[in-house]
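Note that the chains are named A, B, C and D in the order they appear, and that numbering of residues resets to 1 at the start of each chain.
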Amino acid sequence: MKLIYAEVLTQTIQKRPEHSHKGSYGQVVIIGGNKQYGGAIQLCSAATVYSGAGLTTTVTDVQNHAAVHAMVPETMVLDWNDTKAVTNQLKKATVIVIGPGLGLEQGAFSLLSFVLEHLQTKQICIIDGSAITLYAEHKEHLPPHPTQNLIFTPHEMEWQRLSGITIAEQTPEKNRQAQQQLGAQIVLKKHRTEIYTAKQTWKNPLGTPAMATGGMGDTLAGMIAGFYAQFPHHTQTLLAAVYLHSFIAEKIAQTHYVVLPSTLIKEIPLAMKLFESFQETRTSLH
Amino acid sequence: MKLIYAEVLTQTIQKRPEHSHKGSYGQVVIIGGNKQYGGAIQLCSAATVYSGAGLTTTVTDVQNHAAVHAMVPETMVLDWNDTKAVTNQLKKATVIVIGPGLGLEQGAFSLLSFVLEHLQTKQICIIDGSAITLYAEHKEHLPPHPTQNLIFTPHEMEWQRLSGITIAEQTPEKNRQAQQQLGAQIVLKKHRTEIYTAKQTWKNPLGTPAMATGGMGDTLAGMIAGFYAQFPHHTQTLLAAVYLHSFIAEKIAQTHYVVLPSTLIKEIPLAMKLFESFQETRTSLH
Amino acid sequence: MKLIYAEVLTQTIQKRPEHSHKGSYGQVVIIGGNKQYGGAIQLCSAATVYSGAGLTTTVTDVQNHAAVHAMVPETMVLDWNDTKAVTNQLKKATVIVIGPGLGLEQGAFSLLSFVLEHLQTKQICIIDGSAITLYAEHKEHLPPHPTQNLIFTPHEMEWQRLSGITIAEQTPEKNRQAQQQLGAQIVLKKHRTEIYTAKQTWKNPLGTPAMATGGMGDTLAGMIAGFYAQFPHHTQTLLAAVYLHSFIAEKIAQTHYVVLPSTLIKEIPLAMKLFESFQETRTSLH
Amino acid sequence: MKLIYAEVLTQTIQKRPEHSHKGSYGQVVIIGGNKQYGGAIQLCSAATVYSGAGLTTTVTDVQNHAAVHAMVPETMVLDWNDTKAVTNQLKKATVIVIGPGLGLEQGAFSLLSFVLEHLQTKQICIIDGSAITLYAEHKEHLPPHPTQNLIFTPHEMEWQRLSGITIAEQTPEKNRQAQQQLGAQIVLKKHRTEIYTAKQTWKNPLGTPAMATGGMGDTLAGMIAGFYAQFPHHTQTLLAAVYLHSFIAEKIAQTHYVVLPSTLIKEIPLAMKLFESFQETRTSLH
């Protein structure tokens, strides 16, 4: 198992080309947030926007629209029951997140099926939170879909549901096997988060127990989405998002007993600039 | 009467163990906030989240959901009329707060009865604000419940209602007797807040009249909940929350004529870190 | 015409007595905010709370409740159509503000009549914005009320409506006469705001054109309310609120081209502390 | 093509005259924000208010009112279906913005037609976002209107729709011709934004790819509106708004990888003061 190293950030967070516009930085569609878990979709949307995605659309229960916009006016909102509008938006997406605060209701599963059924091979789809549980529990009812485009972001219990491996038995070897069967990339969130890709296993050397609070996973999902929206669709991008999330949290934890997701999100543009600058400095020294 | 001393903070606010996750830091359920007093439940929820509780759920009138989420996306929300969902959430709770902005309507009393009836011996239940008045006025209609799990947080008038002792006659001795009869822990909020536990009486040496503003009590209730969610269920945890609340307020009051609850809340993670670090320093000197 | 001088602040903003609680700092009821002007009632409520009022209740159209609470969780809200609840709240009020964003609809006039009809001699009532226009246009239909308890806060056009003096003819002498007829205190908002009380005329030496933006008057009304809630019901309290409002704005205007009301409000507790401290310093030097 | 130079800011952002009031700084009416794009109207309204407009009214879907007010209490709101109220407001406007988040529904076109039909020769009308598309697609159904009062703010694709010139063929010469036919001022948003007025073509030397994120255009439209509300209705005012928008973004981009519109907006009053002060310094040296 390899350790993620800081260079993934300086390699990933490139200086933006001068001739670019918001269309150059991807379109993210975030689906989730039932009447109970609207906060999750706020945090995920904010993390996506603050990571630099070009255009972000939040597909959620109408009841959440006001709070989403009060926190993130930069995102657009759609009623998750408006199938036509959601369909149109999904067609244009470069990255999709489904799961934060989605819940386990019937409608939630329909949305997940719908997303998978229409998933394009050029799109990345991050499956988080309750969407992982739904995926695990209804595997046989899922439509055919390109699994190599999927990124699952389970915590250990969700991974148990998805892989069938009990938490106690979740060894790197068994996790690897399960990844091979699923065909998707796996971000297994735990004390030292592990990432299983088709070719390699990675461990995140960063992280702090100050991150152990509700909403932190939604924030990570949003950051991964923001990164894939802008940066190349390969593993390094995923590693960079996971690493930066913990990096920022560790910095905040030096002065905060608990790192609130909304505190972390505000720091993303500053931390990204830091790594872009490192890279610039290095380049100029050559 | 003993004075609370700063060491309760360094002893309580322990460095978080590396191998922990949000489930390690408790599940808090906060019940209150009618159509008039929605702000109380926002402040209480925010204080719980910023104190480091692992997972927080706010059970309140649907009308308050948007404002709760606009302020605290980290919490989850439930309609307080959704008995089934509330029941399920209460089963999982480690700490319950009932009262901030609850009001005195019939439905409020039903919620209080419901909570007490289902209270588990391993759960802590903080009874604040109008829930204290309801408890006092309808004692005979309350279901049987484990009183040693209760923490009441009355101001002097609410204590008069609960104990039957008029404000003028509220001496430590009489308060003690009333505590013994009630069997619960009492946080009597006043100029120098007093805490009556089964074994001991404590006085808070801190506090400032700059705290004399609406919402400050809701904030304290949230901090107590956040502390019990993470730290051991014994008296020191209660003392620590009460002490920290006033400690932060005193610091802010050095530059602010009035300490707004929302200003105080933002400082909680920073102040907690301060005391965690003191403790670390001390340990490293041994 | 006397100039208001900085000492009104050091004399008014006294150190809070140790033995005090939120009940010691008054109950303010703020009435206004129709479906169009909800922002005015947010700003007025925030200014009242940040000035240190003990308890604040915002009586407004239900449509505004979420935004009021998103900005000021410390206030309570009432539906302005809920006559019974409003009546109860008014009975307990020490200070009432009516007018910010009230509008000129029939219901608005009913509320104004209702407030005046039930006004107690110990209560202060600040009449601002559209309530001034309503008062001016329907004088003959107003119920009897104690005019010495009223504070009007007109700008020049509203003063023309109220006094019958055209803007061009608004000289101190004519304004004085109009004040004597009205029997209320007048805060005439203009380049150098003038205050007409029963005995004296004052001019505010402070103020900046950077304050010329919507919502600034609502903020002043809230500050006056907060000051009367805490400090003695005499003219100096009024002078202090008017002076501090401009004092803070001037400070912000040193670095801001326009002073946003919401920026000003956040500074109130800090500025009040500054003047309290001056006073302490002075006292300690005697 | 001339480059915009920093002096347009020191020349435009004049010290406010002492004897002025909010009426001196214009009335802006902002129309847009359907159920999906409410964030656009929040950002545009905030940018207008923070640029110093005297009075701002946001005409949008009722569903957006709470979030607009949570972010910008300084603006007023109107239901965009309330034709009577909108008509009255438009009569009083000095500047109108139509388009941010407007959408392409039938009602959107009706609003655009209505605005153009009632446009007064002394009013400036900024046509942004989907209103540009509607204008382009329904030219033959638009009522007669004074085109010299219009400012279009298209990005390249919207300009293609409006001018009929494909993006690849958008040369300064062709753009100029199209401007002459339209009779309006054009702000063509691109890597180096170009401004086409009746007499001259300008290029903005500032700008950064860190601005390439959703909502940045809505923010510019709001700044232009705020500037025309306060400053003379000539080209320099337009240049100043465009230049300042990029100037602030460049400053933020020194420490932020992506410049969020809501981050930019907060800096407007500070940046405007900076240029006002430069101008003062210069004057005092003469």
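By our rule, a residue touches a chain if its C-beta (ideal position, glycine included) is under 8 Å from a C-beta of that chain, and two chains touch if they have at least 3 such contacts.
Keep in mind that this is a model prediction, so the values were computed, not measured.
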Superposition of chain C upon chain D: rotation angle, C-alpha, nearest 5 degrees: 90
Self-contact between copies chain A and chain B, residue sets same or different by half: different
Taking each chain's C-alpha mean as its centre, the one farthest from chain B: D
Averaged-CA centre spacing for the pair chain C and chain B, given as whole angstrom: 34
Distance between the centres, which are taken as Cα means, of chain C and chain A, whole angstrom: 49
Sequence positions of chain C contacting 2 or more other chains: 66-67, 70
Chain B partner contacts - residues on chain A that touch it in the complex: 35-40, 42-43, 46, 63-64, 66-67, 70-71, 155-156, 190-191, 208-210, 212-216, 253-263
Complex contacts: residues of chain B adjacent to chain A: 13, 16-22, 24-25, 49-56, 62, 65-67, 69-70, 72-79, 85, 268-270, 272-273, 276
